[in-house]
């Protein structure tokens, strides 16, 4: 049932913007591929092309090897959870979930059974008779999910499904989402701009920048070895510094170590001298900004605040944590 | 993903009716006579216009009355619209419904009441004699003033409703900020709320002006034959004296005035808006 | 909360009295037992209501008015909704120009439209007065139909329709099962106001006169011009009651003042 989705040099422009710039992407069957990128990079556009709401200017959309580029959305067999959820306000929860089944002219009994199953799957069996307007954000999200999976689509598309929930609920719903995707075994494409969400949920991550896929791979691989300076920056490698013999490298703030007077740096580390420029409290610790002798700014995190602006400081970079940028495009 | 043919098919019937029952007839009437109607062409129309003093006097009266009515409607409607927009929700709904309710009534119904008030045996005339301010019953009808009063009552709801909409979009905190900076209630209104609401207010004013220029029932009933406006004159030429060339001339003049007012108003907010 | 300038409140009170007072006066006149338009009424009776409800010309005019209003509204909607769909969903171009074209009938003075239709349809093409009247009301209401359905469509979340398509609904099923129910209340409220607009219109009916085309407002107008009895006051009172009903119905459907405000304000926003 799970299908492969392949985008073959898909290109789309809006007046003045190249929203998709020759996108090549394969979403493998039964796995969850996360599309990660900043606002406006073309994520929604890509999903709308896959779902068939937008006809790309060039390129092909292949579903299980068959060219679907010209198929209307209702014949693609794709379930989609919209950023706004797009729940039908004039129908009840059950009516929303049943919609796709009714369009397939399934017998009444089947519709009832499958709506029940879908609502059970998302834990909303007791809300069947209510209207979307009467539900909380998390409940709406689940209805949208139930509605999309109940048609047993070949592919499930999720457009920032958690972004309109508050932070705690969003984290809780991540587990739900993953469970539903695993249980249904669907090929899923999840759009998000939250890297933590992408890393936690996805089997594969594709990073999109200004309409281009700039990196695609397993979460660990993408996270440990960003392909470009831009990806490194986007994934939180905020510090760039030169290490003799290694050239320019990128390091995450939490990987920069702070040396107390008298401490020794570990063997495989590079040491940098600087002064403290700023100290900010961030709950679990402090964010400390340093200025190096060459005038670069480095950001590190520290559990305590024994430092005051102006104080001299020594930092070290474990070489295993430094991502070399030499030879990578910007 | 719509097919172009579907779009065309949906558009076609509406466009066809618009062309046949609106664009063609109006163009023909304003610019060139249809075959079989002997009212001459545009040149005759302009000739009739130039020659007919009657038309020019009526036009002057129409514009004068409309301008006066617009001013009065703004004077009455702006405070009401503002007040409603700043009231608690419940009061807002009730007052707004009251203020715009008259728009549901025919102009005949709304103008009729002034016959009761302004007629020779009307309320006002009897009040004047009763108070000893007039010796004999006075006829207040069939004057320009009566028309102005009637039209002002007719169109004030339009200003209220558009002003309400405009003021509702100006956040009350802006006025509060002005007050905090030392502005009185009056100058907070004049210097903050009003300028921000101006584009919406202008829409209301244009509606009133255009409506007053083209109003027919009220000038007919309250102005009578002695104070013709362009509208009553057009009706006269078309239906009573059957002078089609003059009727077309008046129609052209009326249309031009209304369109010019609309065009002026459409340009104004763009100029007034801060960049 | 914030304090208001006292002048504002005073002007508002004056304005509302000026707006509503005269209308209420007419109600008083209608209940008179006397033979002339007079306030305060000379004795109380319902005789003018009884007369109004059995006065042939008014009853016939009422029938004409209702027929034209209903037929005109249905026709305008039947023509206007597809136009709004093609503009808001079908990508008809040039969108601005077509949209403006469809607002023109309310920008051109009604009297001019009436006269133009009289000349072209009735004189040149020999269309019956009733046909011309119905055509006139239809084009007069067409802009409202296009605007209001267009506004409802613009407001409705497009992803609702995309969701329906994705769930397997074709174009027609999406329209009937999602688009129409979503824009329904707004369109219904607008239709009621469209009925009112047509029902109250004077200029078109006045110029497109012929057998069976006298509408109620025109019949009332003619009556007022020649007779000075309170018959029309009674009719006005009955229409007032009808207007209250209309207001309550529209309020329930979609928020009366919102719809009315949009309808009026849209006229000069090409």
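First chain written, first letter: the chains are A, B and C, and each begins at residue 1.
Convention: a residue touches a chain if its C-beta (ideal position, glycine included) is under 8 Å from a C-beta of that chain, and two chains touch if they have at least 3 such contacts.
Protein identities per chain, from UniProt: A = ABC transporter ATP-binding protein; C = ABC transporter permease.
Computed from a prediction, not measured in an experiment: that's the story for all the values here.
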Identity of the most central chain, Cα criterion: C
Of all chain pairs, the one with the highest number of C-beta contacts is B-C
Chain centre separation in whole Å, for chain C relative to chain B (CA means): 16
Measuring centre to centre with CA averages, how many angstrom lie between chain A and chain C? 52
Starting from the mean Cα coordinates of chain A and chain B, work out the distance between those two points in Å. 57
For chain A, jot down the residues that touch at least 2 other chains. 52-53, 72-73
Would you pull the chain C residues touching chain B in the complex into a rising list? 2-5, 7-9, 11-12, 14-16, 18-20, 22-23, 25-26, 29, 36-39, 79-80, 82-83, 85-87, 89-92, 98, 101-102, 104-105, 107-113, 115-121, 123-124, 135-136, 138-139, 142, 146, 171, 196, 199-200, 202-203, 206-207, 209, 216-217, 220-221, 224-225, 232-233, 236, 239-240, 243-244, 246-247, 251, 256-257, 260-261, 264-265, 267-270
Given the complex with chain A, which residues does chain C contribute to the contact? 157, 159-160, 162-170, 173, 177-178, 181-182, 184
Counting only contacts in the complex, chain B reaches chain C at residues 2, 6-8, 10-11, 13-15, 17-18, 21-26, 28-30, 33-37, 75-77, 79-80, 82-83, 86, 93, 95-110, 112-117, 119, 121-123, 152-153, 156-158, 160-162, 164-165, 172, 175-176, 179, 185-186, 189, 200, 203-204, 206-207, 210, 213-214, 216-217, 220-221, 231, 234-235, 238-239, 244, 247-248, 251, 254-255, 258-259, 262, 265-266
Enumerate the contact residues on chain A facing chain C in the complex. 48, 51-53, 72-74, 76, 78-80, 82-84, 86, 88-90, 99-100, 103-104, 147-148, 151
